[in-house]
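Down below are the structures I want you to see.
The following pair of complexes shares a single chain, chain A, combined with chain B in the former and chain C in the latter.
Coming up: the complex of A and B.
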């Protein structure tokens, strides 16, 4: 497979980047690390004639523990001592993104912007043509849900669920200036629309409230292999705890829906309770209850729903410094 | 037994050519840059089953930069690696039988033009109802023309059926203390070698066709090209550059090799076709998706009484090696245990999928998994340690099986003892906490198919040696180095006989114009057959040096030994000379020395139908133990450690043997735990995971430590006592995992791959069964 031809633009500033995107509109994509976009291009998935590189925009690269430039390299953030000290869940979550090599190319913003995935979509042009495409590619019918009008491709980033539970927000630059949006409101159904970015808009940075440092957080990722694979489930939990007393908590699921999925509503009844394995199990069941998971990634929906409960339980045990019996026994 | 003292044999030396490979200096087929080479692309069928109503290439041919287009009608003669099932056309002619089947080939100035041209080829298909799996293929078809292959002798879509009976199985089972039975299902899997298939073809100004191809079987390619293209073999030259792995996936002649040839013959420019990974998955000829029913009987002392195997395998659209696979699923279960009553039925079905064929451990892997799990069930019923019961049932060395396999050296008992003692088996089995387990399994595999594929009296392997005045030893053989290390074995065998180190040896195994025939790298035959041919050739050339030494210094030819680049007189050491001095004399009035050696398997086996299947001049044996733990909430299997013992007769190069064993463990763990060729009823004949992202192989992170034990049973007919070590070591890893899972959580997993979800389902079922 060979990259389709495109014109590469290399703006130096955010304003230049936004101007270029405004000019080319739907005929252009931003590219940072390229580890997601260029693979899709090789598959002739929505390839554009213009590609605007963000690699030359220096403003995007810097980061500290309160803000991360969208262009910061995953590996740089993962190995940063301040991050490891103040927000260890972020380096931990980055550590399970793809592989060592890709983390040295991929960016934090790129991970947040990673395209939704689906077995029927992430295939070569030849493959898609042989099934007459799908809603998200060249076709007009969803291959996952019979008669669906909206795309159910799965949001498959690892960092967004974590950052959402930490209360992060994002700065967006656009032709009309900058605006700040809570990350929890950044993503939008469906799998084609994906997010709130408008014409010419660019994700610039992620802001993390300092209060997040006082929370305990955990991220657990389900996948076939311990490296390389996209999540087929990610569970992020951030909690305010006093010993094993749960004072407040956020739960967000990745890779089970077209967007990161907040399950805060499912756990309100457990605030104020003490967390032991039994309570954590109840939380897990509550979070998994009623979830609709589609069959369009590795591992079956039934299994992934079961794992929502197990992984959520384990995350809640993590934030109270405990471990599940089955996990301890199998170590 | 003290092994003889050798200088080169038995030494762990890095592979010949490995420095070039790890530094990127080595050239593979796709690296070739013949001036004027065009890019070849293949237009493939989007339908699993369809008639081709119309095929019009005129618009594509008119595109500037397109030099040639060929279609099925340009080479209608079908081919296949086995003479008994030549059923595959270079490109679909009036019908297509799987998604991805070639329909046309294009040669263009660059890939972009070729892809543009593909869009301009107009193909009108009339889709027909595809056969999705082997069970569907069993349904009778009223009209023969509706079969995938109308010419077959069956009334359904079966390709091959074999049946064998030995002894009296019904009686044996009726008298058994226990008969363990099970239905086992296996997903198809892929070899996932590193280098995609690639071929460069060049029809030169003299009308001679040269093909460079990443192939394991240059000779079979040579024959098939001659038939399909209508050129005598003398007008075809096959060159095998460095090959980045094969594992059986490059052991057939392929359509792309024919297409590249047809294109270059049409436009007289060199044409290169290199696959992308998806095309590799479409063309791989991987391990057959299989359903196998197995029953194993034993008496109250744990002695096996009989074995019944019924295998139904999904062959895909064409034959490939499938007839052999049909036999191997049964006959290769004849060891390492003594089986006196045996029944086998093997059926291979045609389906509308990419075809299955030979893959490392060909035909033996899936049945072995079932047999070893049921063996453990028997041991449990009898109440005997499975290791002890395996030792009790082991075939002895130098015996004959019920189906007339001649067993020579056999180190299986030593293999079992080695891993049992090293792993702490006796303190662990049945004694680890719930969730933790340990499992054992054995292997038995051919060391080269005794019968050649084609009826011929030409030896199975021939080696030529030339030595000129520089002293360098040039060794020619067409044995295909595919990364497994056959060039190194060749160099070591010759170096040992001539008393030189391997730096003197130049191995030339690429070019059919220069090297004599070897049948290829399949059936674990190369070390045994090429090694023996190399020894004979080296002995023949050594004889010339001995005679020269006698002429120079007197004495008898038997007085001389060759060691450390010296020719030493054992009777009178003062007469000793250097290798170069002896060579100088040998060249006088003679010129460069040449010699030849060959290997032909002895005549073996019984007189019944199918007696040739599984015959081998010798067999390898092995035993592995796996320790693992299972997370009972997630179903994930975590591998702790593998102990792997393999009887390879003699490790000519222990480093290479160890690498083969670890590589086999890695590949087998993939099949048992995660790999599968995923078809979905809605994917319309497409493989749903044709990429190395979605088709998961183990990464280094999942790979457990492996302790390797090489057992040397010193085979009397092997080169320096050697037997195979490339495929047999794959067999025991899968069932050792299956048996360890049973030890850990008490469920016998009968479907591969064993996914976390399937573990949870099995645990659930076990819980319900108890309550």
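Coming up: the complex of A and C.
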């Protein structure tokens, strides 16, 4: 497949990147590792005439356990000894993103910004033309929810739910300078709008509060194959515990909504309780209760909803030490 | 829109410096295959999902189907053609003797993934080998022979570092008698 023609820009600094994006506006996309964007471009999905490559912006690449540059490579962060020691849930979650080969060029920022997915849309141009497209591509109707005015494509990144439960925030650079936004407020409903980035803005870094190191965290991912597949469900839990006593907790779900979905509201009644099999099951049911999941990824909504309860239960057993934290984040 | 112009980039491929005119939207896979005649690197899915197009860029195994050619400027690229020296690399021999290749379409990608692993970790355990080839798909052999071939190559490379110990080389030959 030949990529649709574009002009490639290779800025050296964040300011140059912002200036280019401000200049070209909606006619330009950023590209970091390209493992999401170039796949979409090959399918002629919303390709732009200008592409601004961030690989040459050195400021974006560095990381430590308090901040991760948006351009840090997934494999580098995953294999970092400090990260493994202080925040092991991050390497565990990165270990289930795409594949070993893709993680060599895929970046953390690109992962947070990964496009929403839907099986009516992540298809070749030829295929999409046969259904006259959809809201997010060339068409004007949603193929998932009849008559819907908003796109329900699913947020399918693995890291965002984990980083949100850890209380991370992101630094954004734009034409008016820099601002910091909690990652939990970064994503916005609608599979087309997706996030709060405005004109000319890009992600610079992810900040992780040092307090996160004292929390126990777990991530579990449902997918068709053990390698390669985007999540059809991701459950992230981070908790402050004293043995099996739950002092505080955050739950965030990936791949069930257009954004990472916080379920903190559903678990407040369990704060201050001791966690055993029975309470962990109750938490699982509470988190799954009332979820609206659309039928637009590889597994059925009914099954994914059931697995929300199962994985949430397992995550709570993980964080209270009732169950060995999985060596990999799957299952 | 008029098509963006080509630009000449310079990089090293298999130890040789090349200059080639590329379009901004060319991927490295196409440049290697169509401009430089290095057709050992295969196009499987063209979407990052099969690993057939794996090459090394400054020592890292990357997918050339998702790497813009311009990103190769100034870099050191190694393709499957760059492994023999001039004898086949122990991985290439091991894939043959272990029956780890059938149609062979996936083989260059697997070997490049395995080579990157052995460069980093001379004696990987089975789980590590599986993890490092998990970005590659084979539709013919199944994966057992491929894992075995990587183990065998790792043993042979370690032996090469100790060339005096002929008895171990002989023992390895006997445990892998499938040579043709």
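Just a few scattered comments:
Going forward, the second predicted complex is superposed on the first by the 323 of 331 C-alpha atoms of A that agree within 3 Å, B and C clash if a C-alpha of one lies under 4 Å from a C-alpha of the other, contacts with A are read in each partner's own complex, and residues count from 1 in each chain.
By our rule, contacts are C-beta pairs under 8 Å (C-beta built on N, C-alpha and C of every residue); 3 or more make two chains touch, one makes a residue touch a chain.
All figures in this text were calculated on a predicted structure; none of them were measured in a lab.
Contact with neither chain B nor chain C is seen for A:231 once the two complexes are overlaid on the shared chain.
Contacts of A:109 after superposition: neither chain B nor chain C is touched. Of the two partner chains, chain B and chain C are each touched by A:1. Of the two partner chains placed by the overlay, only chain B lies in contact with A:126; chain C stays clear of it.
Applying the stated contact rule after C-alpha superposition, one finds that A:53 touches chain C and leaves chain B untouched. Once the two complexes are laid over each other on the shared chain, residue contacts for A:101 go to chain C alone; chain B is not touched.
In the superposition on chain A, A:174 contacts neither chain B nor chain C.
Contacts of A:38 after superposition on the shared chain: chain C is touched, whereas chain B is not. Residues common to the contacts of chain A with chain B and with chain C across the two structures: 1-2, 5, 226-228.
Taken together, the chain A residues at the contact with chain B in this complex read 1-2, 5, 119, 122-124, 126-127, 129-131, 143, 222, 224-230, 298-300, 302-303, 306-307, 310, 324, 326-327, 329-331.
Across the complex, chain A meets chain C through its residues 1-8, 10, 31, 33-35, 38-39, 42, 49, 51, 53, 55, 98-102, 104-105, 226-228. For chain C in complex with chain A, the touching residues are 1, 3-4, 23-27, 30, 46-49, 51, 54, 60-63, 66-68, 70-71, 113, 131-136. Within the complex formed with chain A, the residues of chain B that make contact are 44, 46-47, 99-100, 111-112, 115, 276, 278, 433-436, 629-635, 638, 674, 680, 682-686, 688-690, 693-694, 696, 698-702, 755-757, 760.
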